[in-house]
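In what follows, chain A forms one complex with chain B and a second complex with chain C.
== the complex of A and B ==
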């Protein structure tokens, strides 16, 4: 199985918030928690661009690195998941995340009583038994186990949001860029998957294949 | 004003400088073109779209700037797309603070243990008289032990939060560590403000007797008599104790308490950047404070005979008072308050 990634095409996103709604509905996330959000720059004026953002499932995930209880883990598909039973709600993952992905059911509460962190799972559930009620209640539905991709991307009316195997996603985007002759930036990819860490990871993979 | 400038020797220089600045200011075409390549406003993007369709560089610059944009989702800093500081914070915390902080704590504990093994407990030179003197009032002891107990709870839980996954998880397993830290974080977050209150009481209670005096100079010159074993006459608190009060309790204590309150009450709308800085201040301050506290706890327990009983009972033997705080002893004997 490949490496899963999100890609949001800023040339196509129309800020319909369909992905936000689809995500909330699919996973029955608590009030106040939005695993995905749409941010618009230059709203309402020429030059407007929108981006749908959630956990990008980074190669070298900062949340994973700072968690005091090591509650994060990475699946074979490169999806960053966490164990809510081990989460203490310290908020460090929220400090560290570049994308503002970690969410807390109680919000920024007094005495740091945030509750257990909740974030995008790439529709891949959590550490509970796959497809179980416990998994659904804590992490939402496990679409990946059913052979489906994340609902936000599946629902996207303009196909701005792509989710799936990194190579396939990158190929689709490259083709679009060639056809329209612009809009070359794969938003957030440098932050999430770029840098020295990713190059080292790729090198390890190559050496492992030999 | 004009006359003022004329009189000054640097007047000519200033005039030249003004002239140069005026020349730069009177070259708007160059500046505007420059602006178009680096700007990140909506107008820049609109202009760029006309020049080169599909080029979103001004928008990406706006994204990287870390400023908030429009979003319908409500949440702390939901409008910010990328905050780059998080990664710097992560590398500072996981790198130098964990490594050097851990090394400092181990080194300090080892040095004190080694000192104790070599020098042993500092015994009284003379025999006890059996007559006691009042050293600490009931309120002072309440404040001390309140601060001490809350400090120890915070120290144990705080150390577990920073070093637990490196030290405890391999031994106890990550599930048990998570259980410990769930309780630990609750204790840390609720005892923290209690420590803050005790800390303020502590500073106010002991402030007067910790003001520096002339006799402290002798203590400094003789390094507290730590090496030659002879006592230096001092008033109610010696310079070592005063240093602990000012550097440890007051400066580091307040730094740790204030930075802790920032993180403990995110409901006041602190940004992630502010909480990252608070976390760095908190971690560095707490580790240095803990290392210094090892010294204080050593001196107050096994390091010096009679020190622990003074804070436990509030009374010291006259021999102890004469040997450790000669000036204070004389003052009390002379019928003064004992305060300098």
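== the complex of A and C ==
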């Protein structure tokens, strides 16, 4: 088994927020904490693009590098998890993460008052007995141990959000791109800002303002 | 105290001050060396060690791969 990865196809995401809802419901994530969010660029402009963002389970995770208590660990399947009992809620991981994945139950509170960090676990639970009440309360459901994929991806109605072994995900995306004959960028500068229609719309707006 | 003794003492004192001053230049760096952190939390079990798979890694991998391939709607109906 290789590495577990998420991939969001910006050509397919319709900003339904089904993934966000599925995640919150599955793990009973508290109010104010969003393990997954949908981000839309150029909202309302023709050619707008949305992607679903959570912890990307980085191969060289910056959160792991900055944690002063070394509470992060990476599983054999490449999932980045953390021990909430070790977390002091300093927030360093939040500043280090380029995706805004680490969330704090008390929001932007003072140092030490933010609460234990919470983030996407790839539905793999945490360092508690698998399937136990303690694991569910701290980290949420452990679907991976049941042979299932993260619920956000499995619930995605357009299958924009893919999850699983990186090789399988890459195969699915490759076939999809070949069939539709375009939209090779899952996400990137071109997808977000570079579309011809978006540029034309911006030009029209600029000319209209003059 | 005679003049040569005074001169000798002054030279010795000057040498002492110079040595003290230079000793600061030999101070070692106090910047800590970064060491890759080791996970300090509780140990976790692996997903195939759950009640469903009972340590059968191959079965777990097959189940997950099957599930992942199910995300490809072009394969449905095959």
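Keep in mind that, in the parts below, the second predicted complex is superposed on the first by the 183 of 210 C-alpha atoms of A that agree within 3 Å, B and C clash if a C-alpha of one lies under 4 Å from a C-alpha of the other, contacts with A are read in each partner's own complex, and residues count from 1 in each chain.
Keep this in mind: a contact is a pair of C-beta atoms (placed from the backbone, for glycine too) under 8 Å apart; a residue touches a chain by one contact, two chains touch by 3 or more.
Source: prediction; values computed, not measured.
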Touched partner set for A:126, first chain B, second chain C, both or neither:
second
After lining up the shared chain so the two structures overlap, which partner does A:98 touch, if you call chain B first and chain C second: first, second, both or neither?
first
Mind working out whether A:175 is in touch with chain B, chain C, both or neither, as first, second, both or neither?
second
For A:162 in the superposed arrangement: first (chain B), second (chain C), both or neither?
second
A:73 in the overlay: touching chain B, chain C, both, or neither? Say first, second, both or neither.
second
Touching partner for A:85 - first (chain B), second (chain C), both, neither
both
Shared contact residues on chain A, chain B side and chain C side combined as an intersection?
65, 67, 69-71, 83, 85-86
Please name which positions on chain A make contact with chain C in the complex.
1, 64-65, 67, 69-73, 75-77, 81-83, 85-86, 124-131, 142, 144-149, 153-154, 159, 162-165, 168-169, 171-172, 175-176, 179
Could you list, by residue number, the parts of chain C that touch chain A in their complex?
37-53, 59-61, 63-65, 67-69, 71-74
Footprint of chain B on chain A - complex, ascending:
10-11, 17, 20, 32, 34, 37-43, 45-49, 51, 53, 62, 65-71, 83, 85-92, 94-100, 103, 107-114, 180-185, 187-188, 191
Could you list, by residue number, the parts of chain B that touch chain A in their complex?
41-49, 52-56, 58-60, 62-63, 69-84, 86-87, 89-90, 93-94, 161-162, 164-165, 169, 174-175, 177-178, 181-182, 184-185, 189-190, 263-267, 269, 272, 275-276, 279
